[in-house]
Every structure is written in structure tokens, then in C-alpha cells.
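Data block below; observations after.
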Amino acid sequence: MEFFALAGQNLLSPIVLSFVLGFAAALARSDLTIPEAVAKGLSIYLLFAIGIKGGVGVAESGLSPLVISSLVAGFVLSAAFPFLAFALLRVLSRLSVTDAAAVAGHYGSISIVTFVAMTSVLDGQGVPFEGHMVAVAAVMEAPAILSALFIASTRGAGRKISGELLHEVMLNSSIVLLVGSFIIGWVTGPAGLERIEAFVVSPFQGVLCLFLLDMGLLAGRGIRESRGTLSGGLVIFGCVMPLVGGAIGLGTGWLLGLSTGGIALLTTLCASASYIAVPAAMRVALPEANPSVYLTLSLGITFPFNLTAGLAIYFALARMIGG
Amino acid sequence: MEFFALAGQNLLSPIVLSFVLGFAAALARSDLTIPEAVAKGLSIYLLFAIGIKGGVGVAESGLSPLVISSLVAGFVLSAAFPFLAFALLRVLSRLSVTDAAAVAGHYGSISIVTFVAMTSVLDGQGVPFEGHMVAVAAVMEAPAILSALFIASTRGAGRKISGELLHEVMLNSSIVLLVGSFIIGWVTGPAGLERIEAFVVSPFQGVLCLFLLDMGLLAGRGIRESRGTLSGGLVIFGCVMPLVGGAIGLGTGWLLGLSTGGIALLTTLCASASYIAVPAAMRVALPEANPSVYLTLSLGITFPFNLTAGLAIYFALARMIGG
Amino acid sequence: MEFFALAGQNLLSPIVLSFVLGFAAALARSDLTIPEAVAKGLSIYLLFAIGIKGGVGVAESGLSPLVISSLVAGFVLSAAFPFLAFALLRVLSRLSVTDAAAVAGHYGSISIVTFVAMTSVLDGQGVPFEGHMVAVAAVMEAPAILSALFIASTRGAGRKISGELLHEVMLNSSIVLLVGSFIIGWVTGPAGLERIEAFVVSPFQGVLCLFLLDMGLLAGRGIRESRGTLSGGLVIFGCVMPLVGGAIGLGTGWLLGLSTGGIALLTTLCASASYIAVPAAMRVALPEANPSVYLTLSLGITFPFNLTAGLAIYFALARMIGG
Amino acid sequence: MRTHAAKRIEIIIEAPLLRRLTRLLDEAGAPGYTVLPVLAGSGVSGPWTRDGQVSAAGGMCTVIMVTTPEKAEALMQAAFEIVEPHIGIVSMTDCEVLRPELFDRSAGES
Amino acid sequence: MRTHAAKRIEIIIEAPLLRRLTRLLDEAGAPGYTVLPVLAGSGVSGPWTRDGQVSAAGGMCTVIMVTTPEKAEALMQAAFEIVEPHIGIVSMTDCEVLRPELFDRSAGES
Amino acid sequence: MRTHAAKRIEIIIEAPLLRRLTRLLDEAGAPGYTVLPVLAGSGVSGPWTRDGQVSAAGGMCTVIMVTTPEKAEALMQAAFEIVEPHIGIVSMTDCEVLRPELFDRSAGES
């Protein structure tokens, strides 16, 4: 009962509706677009703001062993998921090894905007969460990429992982911005936040709406242009993998002893798939893999699934399990 | 008396002064410019915010027959004005049929930023207005284009209206964004607005200032570069047509039974001329028409006229007639 | 004692830390970048907001002889500093006449973001300052350029100063925007500010953080790419010249009878070096000068020096002398 | 390294017409094309710049297409059809390419 | 479809000099030109990129001009005058165009 | 005004590979190059556009390099190495330049 109320409430939030607007506009072939520079600007804002808030959270609550264990767990999950996703893909689809490895890498890594959308659900419900989950998000970005390349190389695909690639992957802009602003928030604490609150906190939800409008446009365009790229099996994968990953995240969060909010966030991270950092890395390291497959799957199937249905499910489960 | 106080107050508002600054900077050949992506971002913000606020307004006041009658009236006015404007142009200028038809299309359609500037005047005066006027604005964007093409084609100019063009015109980005965010506002209502108020409401006036700075730069550049494009008759048209259109809008608003604020907004819509959607459509559908004529007239003459003098006139008249 | 507390506090402010984040990211070769259009948008926002606030300050306090004397002093200092800087450069470095003249022009002019950072320190300490200091900043932008070209031409370098160049220099975008928004603020006064406060005041500190992140990226990139461009002598110049200029500004501010905040700001203006307007002018007027020298020195050495150490020093001195 | 003769076609066209042009190029069997943004320009209709523009009306874009000499004619024809009533510049240059097979196919594998 | 021989001139120039260049080109009878934005580059003076830049100083732009063979010489000369003391690359390519009449006029109908 | 024969190489390449390409060009003795942004495109892998994109993955960029005929071969080779396993278009055109000495040097004065 309550679950459906929550799901409905989420579906009718400005955030989800903005996504739907973008999605519909793209499907209808409207010429509505957000300029690339503006989209990047919005994304930088969101990463910066969420990083600061996370860091301030840690400054307030202090460091605890939970921080370390969460980071380690995030790292391990991100590194392990691609193997699971790869196995699932071999069952559900006829993708080549290279394509499957590339897709698997996306699902091990995370989508920060899905994470941010969950923080927005939590804020809306008045459920607090651990600030250090932002750092966990950052830690989960990269390991999956290496696992994916490992999978490909053990099967004769892909090039060897150069130092240059490692460097690019580990210092990619989202990681640097998230970790950097997290540290800034941590160092400056609530006093620092107070001075920039009117920028990083108050308008956050609204900026997120515009960003989700853009995401909707991208997702809709992806779906529209790739008719035929995705088999039924892949579409199923795009909805099942988040649930599987989410379930594992849920269990891990509970084992770690995270709060309800923290469990919901870890579940979301595990359920989400990258569409920024990992595709760029795959273009470089697995050029034979077909970008339409992994981009359409991550952005056109999994992201909308998580946003419209997943968030409510993960939150409801986290509340059940987390008390 | 009171009118002059109001007009002076409007002239010295940050909004109008920002426009004047841009205008002066362009005339003085300063290298001040707003990057294209930023200008588009500001415009997306304004459309999104005004749409949301309009929708929330309707959510609060409920649907009434007035909504339907206003939408119908807007549609009819937008479709009818080009014929009037064309006739006026034939009298006042020596434009070719094609050029006159293209210009006429601009004056049937609307300028959303002029509309927004009027909402800002109304807010400043504490005068409420019907939220659905935003939907009326959206409805008035496109019909004029079709009328203009009809005028051109009955006189042997222009190509026939393809389905592709119709699609482009009806789903152009401003219409989609206005209508979409209007629906979002309507669905989420005041509760939804509350969460994004710090983004869509509080900074609105300030963002409008920057956008008007940009409009001033464009208008000033247009005037500077088109010496000789506009005859005296055209300049007169650019100031008279808003007054004629505005008068018709005023009467219609009164007949419809709109509030004072609503009348002022309908008057403004009728008085304003498009400079975004219509020019793009004319480039495609009436390539023989001279863009400098319609762009300079709409952006360089009518927009500044409305902003500096028109708004005060329309508001004063609306208050007289509307009670 | 108190000085070190202040210096530490400044170093650990979100603003300085954002700069450090950008600097570190660039040195570590992360791919983090702010799009050009966004950087320009942020810069336009900062200039507009600081201009408005300055103008409102003057509207509140009224015009006084101090305004005139400050403007004159700013003009004279900006015109005089290049001679001082040139002499110092001839002692400390082996730069060619042209290079030295170009660098000298940068140090006579000002860095508006350093100025803004100082206003942020003052706000943080609750120290008021004269609104007209914004106008002084605008006045100090251009004269140094002419002095630098004069120095070069008296020594056989550089082309003659064309009317076109003069026009470009005096109506460059920062000057126009600063002066224009200053006038807007002055005309509209506190009542005008109230309507746009949520845009120009509240988020200001946060926007400044993002802009400083960008500055850090640029500074770090400059340092990374110009290994070997800067001799030890030049690096010393980049730290000593601000102190010399600052000392002169400090004395002048005291002689003028500025408040503590005003003295701190004049000191900062004198200590800072241009990296926007002057480099562009030098590219045109002194093409033989090496851009890496003046850009790296101003952006990579002096700006970080002022931000991390200078601001605290200048403020402490201003408080000592200003009471 | 062996190179092969090919043609580079460059079309400067009004931004609002881009979709129509690329559709026609696709239909005429274009192997692919790349669209570059344009910042400013000048011609008989006077100077213009994208700075601060919101409307697509005031701007051009540039389409670059590398193709085989055989296909070039048909593609020039297609470009001409769109550009003709409008302003726009079409030019073709001889060039050399490394992998001619890339240009010997229709877009979309059709 | 008959094509006509023409010249394509491409000038890569420092952004702060653009206005001066286009003025000179106009004076030299350029039929029109198109300015493309530039993202990054490298040369003897080292690498640069526009990312995050506010100042026009750190950047180039590209001017493309299609013209008749007769006019090309004068336009190259004009470009050279501006570019000479500065950094900047001027290159000219043979090309074919469809409507030669477009290039056989001065800008601004002067 | 005397002009000199040169080559203009144009490489359309995936944005995430740009750094690798320019490094290789530098190593192969490129005298310099200029990177232009790309807005959109289409090819066998379908259409794409930069609009609204945050990731570098969905986009290309264009590298322009003017060089001496002697160096052109080595630079084409270098470009080929990077582009080969990826999508990307390399084309070379004859052109004329004014100051040949500009192209007869390695970047970075090395």
C-alpha cells in the first residue's frame, strides 16, 4: 500500500516528470536540446554540491570504522559486478564477448545522477543518510572498468591496460570532482557550508530537474535512434541486472550496519549503470565494442527503470530491512 | 500621473536597465557578449520556470471555462493577426509580398520574454494573474506561422507547407518546454513547487536581468549592422503594430473576463513579436524573405518599444479596464 | 598570532580550497575541465553581481569627494605601476624589452576575481567597504595597458597605439559590464537590489567557488605546460611585485582616508595582475611578446600567491593601518 | 602507405536546414558526414555571429563529407537541391584517403 | 552538373585579431567568409586549449573563404598582412563550386 | 606573392582518443595542429550529436594539420595507427602556403 503511495509520489515528483518531459520531447522529435556546455555545467554543479554536502556530513558525524568498511565494500562490489553481469549477459543475450564485457563494465560502475535522485527521495521523506556514501560512490566508479577489461582480455579481446588508461580512469573528472568537493566539505564543515548554502543546497532540486530533462532528451534520442540495436534479452537484462545488483547492495548495506538512508543509497549505487565515465573508457580500450549497445542499455533502459520504478523499490526495501 | 510614475519605475527597474546596458554596449561596439550556450541556458531556465509557475497557478485555482476560452481566443488571435499586420505593412512600407508575409508572421506570434517581463511588472505591483496565461502564450506561438505562409502562398510566394515543417513548428523547443513545464507545475502543484522554489522562483528576476542584457546586445547589434534595412515606414509599423495588436488583446481579455493581470498579459502577448521560433521557420519556409528585415524589426524596434514603453501602457490600460 | 589564524582560516575557506582542487587536478592531468561557455557565464555573473552591489553601496552612502579622489588615485596607480614593474623586471630577469613591457602591463592592471575574493574575506570578517571600490577596479583596468605600450614604443618595440586598439581596451567587456552594472545598482538602489538579491547576493560565494575551481585548473595547466618558461627571477618577481604594489596601495588608501575594508580592497587591486583583458590586448599590440611568460606569471604565480597568502596579509595590514 | 583518390565536400548551410540536408544526403547514399559548428560569418546578407543567440535562425553550420569520386556527383546534386533557394556555399576538393572501403558504403548499412 | 574552379582559403588566426582580419578581407573584396570555433591546438609556442578560458587571449579561430581564382591572390595578401607579425596559418586549396556567381561579388554589395 | 606546395591533413577522430593522437603526432614531428569542435555526425554506426552530452564518449573532434609534403607521409602513418582500430576519417589535400618555414620544424622546438 504504502509502497505504491511512495512509488506514485516519486513518479509525480518534478524530478521524474522533468525526465519524462525530455524523454517524450525526444521521442516526438522536438528540436528541444540543452547545449552541451550547459549540460556539463549542470553536471559539474551537481557533483560539486553533492560532494560538499557529503563531506560536511562526515565532518558532522566524524570518522568511524563504518566509513572504511563501506569504502572497501564499494570497491569490491564494483570490481565483482562485471563478472556477474557478464555471466548474465551470456545467458540472456547473444552479444559478442567484447560487447558483453563492455556492457558488464557499465553495470559494475555507478550512475551519480541516480544516486543524487535517491538522495532527493530521502530528503523528501526526511530520512537521513551517511555523508560518506558520496565517497563510496566515487570509489565505485573505476574498479568495474578494470574488471571489464580483464574479462575481455582473458577471452582474447581488447588491448592491454596501459598506464595511460589507468591514469585516465582513476582521475576522470567525476571522481576528481566528487572526491575533491567531498574533501572540501569535510575540511570546511558546517561553517563552510553555511557560506555557500544558497548555492549548493537551496537550488539543488531545481537544477536536478533541468539535468533530468537533459537526461530524458538523451535517453529518448538513444531509444529513438537505436531501433533494433537492443534484443528483448538485452532489455530484460537492463531491468533485471539493477534488481540483482540492488539486492546485493541491500544485503551488503545491512551487513555493514548502514542506516536506512545509507542502505538505500548503496542499493541504488549497485543497481545503477554508468553512462559517463565508463563509455568514454570503453571507446578507448574496447574500440571493437558497439557503443550503441552499451549506451542505449545504460541510458535508455536502466536509467529510466531505476528512476521511475527502482528508486521506490530500493527505498521501500531499505526501510523494511533497515528499520 | 500615476501612469508616468509607473512608466518611470519600469524604465528604472534592473530589468530594463540591463537591457539598456546591453543595447548601449553593442552600439558602442564593446566586445561584451554572452556565449550562445549561456544564452540558451538562460532561455531554457526562463521557459521552464515560467511554465512551472503557470501550471502551479492552475493547480491552485482549478480548471475553469475561462481556461478554454482563453486558449481558443489566443489561437484565433495568433492566426488572425498576420492578416492585419500584412495589410498594415502594405500601407506603411514597400516590402515585397514575401518579406511582408514573413514580418506579419512574427507579429502574430509572441515573444515569451516580453511576456515574462510583464509578469515581473505585475509581481512588482502585487497584481495576481491567471496561471493558464502561460498556456495561452504557448498556443499563440505557432498559428501565425501558418497564416503567414498561407498569405505568401496565395500570392504565389513561398513553398507549400510540408508535414515536416508543420511538425517542426508545432513541436519547436519553446512550445514543448512551456507546455511541458506547465503540465509539470500543474501535476505537482504547490507541494512540488515548494521543493524547487529556490531555483524557479527566487532567482528568477536576476536571471531575467542577464537574459535582457543579452537581448540588449542582440538588439543593439541588429540595429548597428542594419543601417538602411529599415525604412521609416517599417519603424512606424514596429511601434504601431504592438499598439494595435495590444488594443485588440486588451478588448479580448476584457470580453473573456480575465483579471487585470490576465488582461495585461494577453495584451502583452498580442503586442509582442516573435524573434526565436518564427525566424527559424521563415528561414526554412520563406527563404526568399530577407532575414535582416524581420529580425531587426522584431528584435531591434518592437522588443525595445514594448519593454521600455509598452509594458507600462498595457498595464495602465489593463488596470483601467480590468478594474 | 591573529594573523596566522586569519591566514589559516582563509586557506581553509571553500573558495581557496576550490582553487586548490582545480590546481591539483590540472597538475595530476585529470580531464576535469569547465566548458569555456560556462566559465564565461560564471565570470559575467560575478562581474554583474559585484557591480550591482557596489552601485547599491554608493546609492546608500551617497557620493562624496572620496569617490572622486579614489578614482583618480586608481587611475594614476594603474598608469604608474608598469614603469615600476618594468624596472623591477629588468633587475630580476633577463626578459627582452617587449616581454618585460608586456608583463609590466599586466601588473599595473587588476584581477577582478582577486578583488572579489577579498570582498569575500571582508564579508566573512564582517568588515564593511566602500561600494565605489568597484568603480575604482574598473578604472584601473586599462591605463596600465597604455603605459606598457608606451614603454615598449619608447624602446623601439611594439606598434603605435591605433584608435581601434584604444577603443577595444577602453570598452572591453569587463569594464563595460562592471561600470554598467555599477550604474544599474546605483540607479535602482536598495529597492532594486531587493528584487534580485536571491540571484546576485545569496549564491555569490558558491558561484565564486566554481569560478575559482576553473581558475585553479587554468593556473595548474599553465604551470604544468610551461616548465622552463619562468626563470627563478621571474617567480620572485611574481611574488614581490604584489607586495610592492600592495604596499603602495595600502599607503594610498590610508592617505585617501578609505575605511579598513576600502584600504584592503585598494591594496588588493594594486597587488593583483590582470589575466583577461591585458593578455588579449598584448596579443594584438605586442605580438612579439611571449604569451606564456605573461600568462603563466600572472595566472600561475601571482594569482595563487595573492589568493593563498596575499589576501590575509593585505587584510591584516589594512586593519593595522585603518584602525 | 598507399593512398586513394577521394573527394571532400564542404557545405556551409543555414542551421535550420541542417536536418533536411542530412536526410537528403543519407538518401543520396552518403557514407557519412560530420557537422562542425560555425561561430560567425559574413556575405551579401551582411555579417552575423552566434554570440548570445537563442534562435537557430541566425546561424550556419558546416557539413564535411569525404566520399569516393563516383558518389561525389550525386551528393553535390543532393546538396544543391537544398541549398539552392537558400544562402549556402558548396565546395568540393580532391583529397587522398587511406581506407577507401570506408567511403564505399551507404550510411546505416542500408 | 557543371562545376567551376575556385579557391578555398583557410586562415587559422589568434582570436583577438579576428575583427582586424575580417575588416581587411572585406576591404580586399572578399565575397564572404565563415568563422569556425577552435577548441585547442599546438605549435612552436606550445599547446593550448579553450577549456575554461575567459580571456580571448588564449585561443585561435579559423576563417574559411571560398573565392574565385582571380580574387584569391589579393585575399591571401590581405590575410598575410594581418597574420605576418603574429602566429597564424594561411593555406589555400583548389576546389570546385556549383554557383560561381556567388563568389564574384564584393561583400555588402559595395 | 610566392606560395609553396604543402599538405593539409584532416583527421576526424573520437574525442576520447584525442590526447593519444596528438601525442603521436608530436612524436612524429608535427609542426603544429589545430583542433576543431564537432557538433554532430553520421556514419555506419548511426547518427550522433553533442547536444546535451556530458560524456566525452559520444563525440568526435577534427584535427587539422598543415605540413610539408615530406613530412606528410609520416604524419598520415601516425594518424593511421591511432585511428585504425577505431572509427575515424583521415584525409589529405594538396594546398599552398605562404610561409613554408613555419611547417619545417618540430613542435616544441625539440
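The first chain written gets the first letter, and so on, giving A, B, C, D, E and F; residue counts start at 1 in each chain.
Going forward, a residue touches a chain if its C-beta (ideal position, glycine included) is under 8 Å from a C-beta of that chain, and two chains touch if they have at least 3 such contacts.
Since this is a predicted model, take the numbers as computed values, not measurements.
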Worksheet item: Which chains lie in contact with each of subunit B and subunit D?
Response: none
Worksheet, complete the sentence: Contact steps required, at the very least, to link subunit E with subunit F come to 1
Worksheet entry | Chain pair, B-C or A-F, that carries the greater number of C-beta contacts | B-C
Worksheet item: For the homomeric pair subunit A and subunit B, should the interface be classed as same or different, according to whether the shared residue numbers exceed half of all numbers used?
Response: different
Response to the item:
Per the C-alpha fit, the turn needed to bring subunit D onto subunit E (nearest 5 degrees) is 120
Worksheet item: Counting only C-alpha atoms to place each centre, which chain is farthest from subunit D?
Response: C
Worksheet entry | Whole-Å gap separating subunit C and subunit D, where each centre is the average of the chain's CA atoms | 45
Item to complete: Starting from the mean Cα coordinates of subunit A and subunit C, work out the distance between those two points in Å.
Response: 40
Fill in: Distance from subunit F to subunit D - Cα centre to Cα centre, in angstrom
19
Practice prompt. Just give me the whole-number Å value for how far the CA centre of subunit B lies from that of subunit E.
Written response: 38
Item to complete: Any chance you could list the residues of subunit D touching two or more other chains?
Response: 36-37, 46-47, 49, 56, 93-94
Worksheet item: On subunit C, where are the residues touching two or more other chains?
Response: 31, 33-38, 40-41, 198, 202-203
Worksheet, complete the sentence: Here the pairs of chains that touch are A-B, A-C, A-F, B-C, B-D, C-E, D-E, D-F, E-F
Response to the item:
The subunit D residues in contact with subunit F across the complex are 1, 3, 6, 8, 22, 26, 30-37, 61, 64, 66, 93-99, 102, 105, 107-109
Discussion item. List the residues on subunit A that touch subunit C in their complex, please.
Written reply: 35-38, 40-41, 44-45, 48, 52, 167-168, 171-173, 176-177, 180-181, 183-184, 187-188, 192, 195-196, 198-200, 202-203
Worksheet item: Quick one: in the complex, what on subunit C touches subunit A?
Response: 12-14, 17-18, 21, 24-25, 28-38, 41, 124, 198, 202-207, 209-210, 213
Discussion item. Which stretch or stretches of subunit D touch subunit E in the complex?
Written reply: 10, 12, 36-44, 46-47, 49, 60, 62, 73, 76-77, 80, 89-94
Worksheet item: Which part of subunit C faces subunit E closely enough to touch in the complex?
Response: 33-36, 39-40, 43, 164, 214, 217-218, 221, 225-226, 275-277, 279-284, 287-288, 290-292, 295
